[in-house]
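Next up: some structures, all given as structure tokens.
In the two assemblies presented below, chain A is common to both, partnered first by chain B and then by chain C.
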Partner chain A sequence: MLLIHCPYCDETLPELEFAYAGEAHIDRPADPASLSDEEWRDYLFIRSNVKGTHAERWRHIHGCARFFNALRDTVSDEFITTYPAGQARPDLTIKEAAE
Partner chain B sequence: MSRFRVQGKGRVRHDAPVGFTFDGRAYDGLRGDTVASALLANGVHLMGRSFKYHRPRGPVCAGTEEPNALVGTSRDGGAKGGRFEPNTRATAQELRQGLTVESQNRLPSLKFDVGAVNDRLYMLFSAGFYYKTFMWPRSFWDRVYEPVIRAAAGLGKAPDTVDPDRYASRYLHTDVLVVGAGPAGLTAALAAARSGAEVTLVDEHAEMGGALLSDPGVGIDGMPAWDWIAAQLDELDRLGVRRMTRTTAIGYYHQNMVGLCERLTDHLDTLPDDAPRERMWRVRAGHVVLAQGALEKPLVFDGNDRPGVMLAGAAQTYLNRYGVRVGDLAVVVTSHDSAWHAAFDLADAGTRIAAIVDTRASVRADLTEAAARRGIRVLASHTVTATWGRLRVKSVRVAPVRDGKVQGGYRIDCDCLLMCGGWTPSLHLFSHTKGTLRWDDVQQAFLPDRSVEACQIAGAGRGLWGYEAALRDGIAAGNAAAEALGRDAQDSAVLVANDRTGSGVSHKELPTDGDPNRARAFVDFQNDVTAKDIRLAVREGMRSIEHVKRYTTNGMATDQGKMSNVNGLMIASDAVGKAPPQVGLTTFRPPYTPTTFGTFAGYHRGGQFEVTRKTPIDAWAEAHGAAFEPVSLWRRAWYFPQAGEDMHAAVARECLATRRSVGIFDASTLGKIEVSGPDAVEFMNRMYTNPWTKLGIGRCRYGVLLGEDGYIRDDGVIGRLRDDLFHVTTTTGGAARVLAMMEDYLQTEWPDLDVWLTSTTEQWATVALNGPDARKVLAPLVEGQDMSAEALPHMSVAECTVAGIPARLFRLSFTGELGFEINVPARHGLRLWEALMQAGADYDICPYGTETMHVLRAEKGFIIVGQDTDGTVAPDDANLGWAIGKAKTDFVGMRSLRRPDLVAKGRKQLVGLLTEDGAVRLEEGAQIVADPDQPKPMKMLGHVTSSYSSATLGRSIAMALIEGGRDMDGQIVHVPMPDGVHKARITSTNFYDPEGERLKV
Partner chain C sequence: MTLHDRDLHGATVTIEEIPPVARFSLRVRDKDRAAAGAALGVDLPDRVGDRAASGDRTLVCLGPDEWLVTAPEQARDGIVRDMAAIRDGAPHSLTDISDREITFRVAGPAALTLMTIGCPRDLRRLEPGRAVRTVFDTAQIVLWRDGPDSFRLDVWRSFAPHVRSLLEIGRKEIAAGF
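Up next, the complex of A and B:
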């Protein structure tokens, strides 16, 4: 069972408190009506399905109930970092250089 | 006392006999025995029949990896009792007074088993036999293969009564978890504990000490091994180390979570009151030390599975730990030095060693000299090519090997054959967390490489051999764990006398001068997989070891390849012509050893399996004889049968009473969400298909919620209480899902909206009153609201008091009758219900349950989301196009309503179905075809979604999703059911009062 850091509660807690909520950084189009069928299909169904570092949404459903984002390695399942919804995806190259 | 028991030897208590039975016969063992050691002490090797060929089998090892000696055990009532356990390893089950043991997979008896005919037909059961033998003829599938062959294969039978035992579970947080209390584990735990770390030490056996329990002649720091163990345990206890025996680490998960199964009562003669049988521990450790040791490998040769053929290390354990000689006359066959020590111990205890057969050309001089001193004949550079003996090995054929060629062989008599093909590190747990392995060419074994967890491996588990090496490695691992936790570690030394170091070589199947195609040289004893099977699998195209495993079943079942994986790999890689690491190793998966379902279930059984949600009115329903049905986690009153009524009669009565006068229904489970805030109406406009801006305060609207894909997700009536306050209702099962969806959009897409969402499902009790007399019952109880049709029209909501309780009073109808839903604070729900029942007495008020609710709504064609829709139904498909705000520019799912597939012709549409014979009620889920005589496979037009007997209409009604159904109004379709094909006519879904006159009261 994974331990997950909630960026709002600032606590690392068991996976049981959290719910997965799909890929992150897919914004709902501001004006869906103006989208072509293909564009709307891409928004609805097309996901990156990466092997490696994946940006995804989680929700601290049995805690503060807020949605946040995480970078997770889909091979090792390791959480690399978590960050509040609305924040840009962290640049890991900068993070690694700082370490 | 049996002549196989060596007086004074072992850790068993020779003064404490323990009686038990095996296949009905009484035996005596000693306190401290396992079932296997006790039977061996009585000269019994035959303990089981093999899975496929029903070959006689005895124990091959002395630990939990045992593949052969699987038995059924019970405490009360034999195979009929709830405490019967099949597939118990006789080598692991501790003996207890009165234990009932029975053998498995034999008919009529262990010594004479008719299933053994399979052994003669072994050619039928070669690798992949599931895919070959069972293919033809077709008529044999049901008449021969399934009932006969499948039944003849297999393990024990599951008990058929409820397990009366309790199972517990706990969490544990610890600095250091040490798995395995052998030499490396003991020193690791001690080193970590001395640094001040909080340490937990677990071992699957009844006592700690590991291999040292089987090697009492070793001296450590000037003490005999067993005294040294006692001294270590003393110090561990003084340092506060949590020591757990009979506790198996079954799985190793992310971030150092380890699952432990602790067995608390299986070894006890009598059960203590209220003690759980087993306890699952979920341990989160700062650091993990794996000190699980190594498992001895069998050698692969013709007849290596006869009772009496066992691992040399096992024989040594039976002797030194249990005081049991496994035979009078032994032949030892080995490719590793360790078996020589076993031979010497047995010789010293009085077993004659007929020969030590070593596959290697040269063996360490000290070993051959020690053999010579004991007068043991040594046959170096020899192989074993066959064994004899039906129920017990009685002789073995050995042959010299020169330049890779097997020379003329000869027979040697024996009553036990002790084999050793080297040792393989136990890396199962390490592999559970994707720790990587590397092949070591010298040791011919996989060793741990990189760990992804905070984890050390110590001792034989990483390929070290000899006690001093293991003890020192344990200290190093314990210190490394301490330092990783930021503690100061001290180095300490350890000195070993009479160490038993050694090395060896690995083999594929042993060379033979016989026909290898006739050799019954077993690789996997439990699954009856032979070397020939593995080679056949490779010849038939299996190249990956994962394919070989599945084709041959090598390494499956309860032992999970603990003994067979590496031998299987050696043979497969030889057949493929690649080095073992290129062929690879199959994946180890939890649990490490077979684990009871009870342990996994823990407290979650019966009433504790999951939450049962009850409404405030549930107690009244129970007291009035309601039948209940589960609806998501809720338990809801289903119908209220009166004396002599079945469900059909009760529902018919409830329906008629409601349409005639008034019915009362507990609707408290309806999901309720309060949407409030300055932007509440904008939020509602974006979430639901309907327009909300112009909905007046005090009015209601039926709302439809879509997913972004355009399909119906939920529905419900929504009331506007204030400009900035909506009372949203959802389906009973959809409440949490809808709230989560709303929160998602609010938090992540529209964080600028000033809106609060609050779940109020359990804050309100909701009572529905329906029927022409509903107002007459309700009005006298209402204060603060004019109840006239003009002041409170259909689809309106008011805040008032009902029966003196503050209420949100809705006028709406899910039945087609005049209807009200009264919401009061949950704690007053029962009082409201009783007040309405009393007020309704003059009108023959009738409580009804969910079944009547379903019938009444179906008579009106109202849908149930999730029953009449299935996640592929768009609003128009369900005749809900009217609920879409035509002037709206966006809402969740709106863009999808123009998707090419959603506007295409031929979509499945919800229609009514009336059977030609009104007495026939269609089955929900039944498929619908246009022509029942068309060739198969038939074109399915759709399926029945709802179907009831309607007492009101005096006939059955149904709804169905049918391709292009609305254009087929009036047409006849056919519904095949088990009792024949029924004709039905497509109609409107509104079966009753289509003009809605009954609402105008």
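Up next, the complex of A and C:
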């Protein structure tokens, strides 16, 4: 079972307490009526589907109930980091350069 | 942890449904927390899983802005009244959820082992005196650790027969010496 660190509980806990909630950092358009059909389609359905590091939302639904974000490697399934909702995506190049 | 980590020969565990209490779900923003604590007479604990109690009122921090308030049933109206008095200055939501859950107590030398049959957490790391929301065989529960060998499970009413019967199966297996 995956172990996931909840940034609000500050504990690393079993996957069974969590729910996946799709790609992170997708802003809802402020004025949907002004969008073309293609732009609206892209907002609703088009996702990056990366092979590698993916920023995604998770919810600690059977715990503190909060949504948060995670960087997960879609190949190895490794959780690289998790961070509170509303924070910018962590820049991993800084971390890598330091190592 | 597996059943084999501890010598359970002759170890026992009891499962009982305990009498109902008044339960409230309290949601309040950071800036109004102190006012809510003053009204309840208990400071709101701020770490998820921490408890605080004063008099007959007990609070558990379930999430960053969510607390469970419990008290004897006769204290219910007093809690509603105390919180209503601060509503204008400290907006919050206080929802009576008393009847939503049934509470089981699981206690005895084999209590920790019995909990591992349904709870995916490493419960050795849940210190006595804390309480957390988690799952027991897919049913969401609030798990209170009252002592090294004493737990309480608040189980949603419709899941209670399933949780109870699973606990009974585990208890019988432990008693049979597995």
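Some observations on this one:
By definition in this document, the second predicted complex is superposed on the first by the 97 of 99 C-alpha atoms of A that agree within 3 Å, B and C clash if a C-alpha of one lies under 4 Å from a C-alpha of the other, contacts with A are read in each partner's own complex, and residues count from 1 in each chain.
In this text, a residue touches a chain if its C-beta (ideal position, glycine included) is under 8 Å from a C-beta of that chain, and two chains touch if they have at least 3 such contacts.
Fair warning: this is a prediction, and the values are worked out from it, not measured in the lab.
Shared-chain residue A:L13: touches chain C; no touch with chain B.
Touch criterion met: A:M1 reaches chain B and chain C at once.
By the document's definition of touching, neither partner reaches A:V50: not chain B, not chain C. Legend: residue contacts after superposition of the two complexes on their common chain; A:L92 is shown touching neither chain B nor chain C.
In the superposition on chain A, contact of A:A65 is made with both chain B and chain C. On chain A, the patch touched by chain B and the patch touched by chain C overlap at residues 1, 65-66. On the side of chain C, the complex with chain A involves touching residues 48-49, 62-64, 66, 120-121, 132-135, 138, 140. Only residues 1-3, 19, 21, 27-28, 31-33, 35, 37, 40-41, 44, 57, 59, 61, 65-67, 76-78, 85-86 of chain A touch chain B when the two sit together in their complex.
For chain A in complex with chain C, the touching residues are 1, 8-11, 13-14, 16-17, 62-66.
Residue ranges of chain B in contact with chain A, taken from their complex: 253-255, 257, 282, 434, 452, 708-709, 740, 743-745, 747-749, 751, 889-890, 894-896, 898-900.
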